[in-house]
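The two complexes that follow have subunit A in common; it is paired with subunit B in the first and with subunit C in the second.
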Partner chain A sequence: MSLILHTRTTGSIEILTLAGRLVLGNATAGLREKLRAAAIRPSSVLVDLSGVTYIDSAGLGELVSGFNAITATGRFMKLLRPAQRVDSMLHMTKLYSTFEIFEEETAALGSYLR
Partner chain B sequence: MTEPIITELRLPTRLGFEKVAMNTAASVAEIMGFSSDRVDDLRTAVSEACINAIEHGNHLNEDLAVVVTMSMSVESLEVKIRDEGPGVQGEMHVPDIDRKMLGEEDPRGMGMFLIQALVDEVEYVTNQPGGGSYARLVIHLHPENKD
Partner chain C sequence: MAMPTAHSGEELIELQQKLARVQSLLEAARRVHATIRLDDVLAGVLEIAAKELEADGAFFVSASPQWQVRTSTYGEVRDDWSRWTESAEMPGYASAILPGERGETLAHLVICRREPLSMEEADFLEGLALQSSLAIGNAQHHEKTLEWERVKMDLDAARAIQRSLLPHSVPETAGYSISFRSTTCYEVGGDYVDAVQLPDGRMMIVLADVAGKGFASAMISTTFRSSFRAIAGTGVPLDQMAERLNNLHWQEGVEARRRYVTAILMCLDPVNHVAEVVNCGHNPGFVVSGGERLRVGASGPPLGMLPGRTYEIEYVPMPEGSQILLYTDGLTEVFYEDEEFGEDRLMELILDSPTPDLLDRVWQTLTRFARGARQTDDMTALYLSRTAIPLRAGGETA
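And then the complex of A and B:
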């Protein structure tokens, strides 16, 4: 299954829900396009990774790149519910302690208000 | 089984074909009885190594090939990913996550770091006779028994 991206907005937060395989190619290109578009809008971003079944180094790199683009404009990008395999890769690369990661959407959305 | 059982693939230098190698390596590992977590680890490591071979070894030159050789023995599975190009697959770089998050380092470039974390042994050999280099990845069925 290729990557399916879905965007919805709650207040000033864009929630980007990913489902499928986040790997080098169309999937990373699609995510890059979404995150770059988000970076020029005035909202912060929450990336829901609960439906991502597989991620490779290019997928991780795209998350880092999106984070850089969005935080450079003074806004935030946080992650929600990484599925088991993604969680393990975030730990392995030590990105887990660098990204703000939430298990509950309500808690994640509340964190942008602090 | 004393002699290793060999499975070999010759892949075109085109991104996407790493999937053929990763799925074949995963099938061999499943046949050998590796757990699903270990199979997934191998799948990722083989994919990353093939992408390195395609991008950095063969420099995306479609006239060249990537040869993936899987040697299945009683206790371990060795996967050798060989390119034919002038590039070097094995320039180990430990990613600096803080620098990446600050945009001071290329956000990609975590592949080799992942490979090292996912398999039991990794070796990179460059300057092969006739050119090219290879990555050799090994996973053991019982890594705790390994010397």
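And then the complex of A and C:
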């Protein structure tokens, strides 16, 4: 299954939902395009990773690259419900503490108001 | 038996004219197909079209993005030739379609001639365009083949360079054995393994994996090798080495950051029998020591991903019989259908005491597990063990 990307906006938060395999190729290119577009808009970003069945090193690289670009402009990129594979990778690479990670969308959206 | 058909004088002349046109088209086809060079094919077609149909000049007009040949004209073409389109019906021109493999229009073969074409001449132009399309397709394929050969030669050279950058032999350290193995899934890969002996007898070891695979990752791994070797020679503590490597890679820019490096840095002290280990966002290193099995996890993120990060050294005592296995995720992420080989299976391959052929066994086990499926990632492992009797030093790549 290739990666499906879906974007919706709630207030000033852009919610990017990923489903499928986040791996080198079309999937990482698609995510790069979405995050690049998000980085030039004034909104912050919440990435829903609950539907990601597999992530490789290139996929992780795209996520962190987007994180760097968005946070460099003073906005936020947070993660929502990373699926087991993503969760393991974030732990293994010691990146878990780099991101703000939420299990509930309401709590995640509320965190941007603080 | 069929009776011979009688022809009138006019019919005979017409038949002779038809025969002559077929012969000229066959001759034109022979000339068009006589060369495989694209420029010669294009020039030849235009020349034949202009001469055979007594036109002032001829040219091609693209009708499809697939038509990627250079602009080409022959003879005298009018000033407005570049504005020619099929729909404009400009006087003084005649044209035929060059069809693609699926019948689509690739381009138009256009001649500049004031007099309109006769039906036979139009047939000739159409036949020539059809032959041109085939010949141009063959010539383009030939050009692509030549280009691919050149790229392949470059890749072969890159592969040879990369293999030559791996350690030809591992420095010998009394009482210890180090072996490694590295196989790439493409011509070149992003895995890197190295061992450098310091003047005081300690051994600096690194096993690293650049994100992604293929040529781009190989380029980054070569840069990383230079940085590692330059810093390793200074004897700087491993945690500081990791911090420097991280910041150096980060400073290389956005593309390099996307190709970050996960790595395990290790410094073996063969006198005090301690291995210092720093894991930079890499798969856990496996340690079997004194009956215990440990995993050395990351103390900081991959190198080059985030600036200003810090790392911690883990001290691993190396009593006799101790073993350390470092590996890239290409080993643990071997799949059979949806089932992953995984860390636990790899750890189980390490016996309680040093095994000279551990890496052979690992690769054989992975091959059996994958049931012959194609390797999808670079695979590299390094095996260090302490034994009273030196096992074997050296490594191999494929």
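As a working rule, the second predicted complex is superposed on the first by the 114 of 114 C-alpha atoms of A that agree within 3 Å, B and C clash if a C-alpha of one lies under 4 Å from a C-alpha of the other, contacts with A are read in each partner's own complex, and residues count from 1 in each chain.
To be clear about the criterion, a residue touches a chain if its C-beta (ideal position, glycine included) is under 8 Å from a C-beta of that chain, and two chains touch if they have at least 3 such contacts.
Just so we're clear, the structure is a prediction, and the values are computed from it rather than from any experiment.
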Superposed partners subunit B and subunit C on subunit A - clash or fit: clash
Contacts of A:T98 with subunit B and subunit C, given as first, second, both or neither: both
First, second, both or neither for A:V64, with subunit B first and subunit C second: both
Of subunit C and subunit B, partner touching more subunit A residues: B
Which superposed partner A:A72 touches (first subunit B, second subunit C, both, neither): first
Touched partner set for A:L3, first subunit B, second subunit C, both or neither: neither
Partner chain in contact with A:V86 - subunit B first, subunit C second, else both or neither: neither
Stretch in clash, subunit C with subunit B, out of 4-12, 58-66 or 328-336: 328-336
Doubly contacted subunit A residues - partners subunit C and subunit B: 24, 57-58, 60-62, 64-65, 68, 92-95, 98
Partner subunit C, residues of subunit A touching it in the complex: 24, 57-58, 60-62, 64-65, 68, 92-95, 98
Residues on subunit C engaged by subunit A in the complex (per definition of touch): 209, 211-213, 254, 257-260, 262, 281, 283-284, 297-302, 305-306, 329
List of subunit A residues in touch with subunit B within their complex: 23-25, 54, 56-58, 60-62, 64-65, 67-68, 72, 85, 89, 92-95, 98
Residue numbers on subunit B that touch subunit A, as the complex places them: 15-16, 40, 44, 47-48, 51, 95, 97-98, 100-103, 106-111, 113-114, 117-118
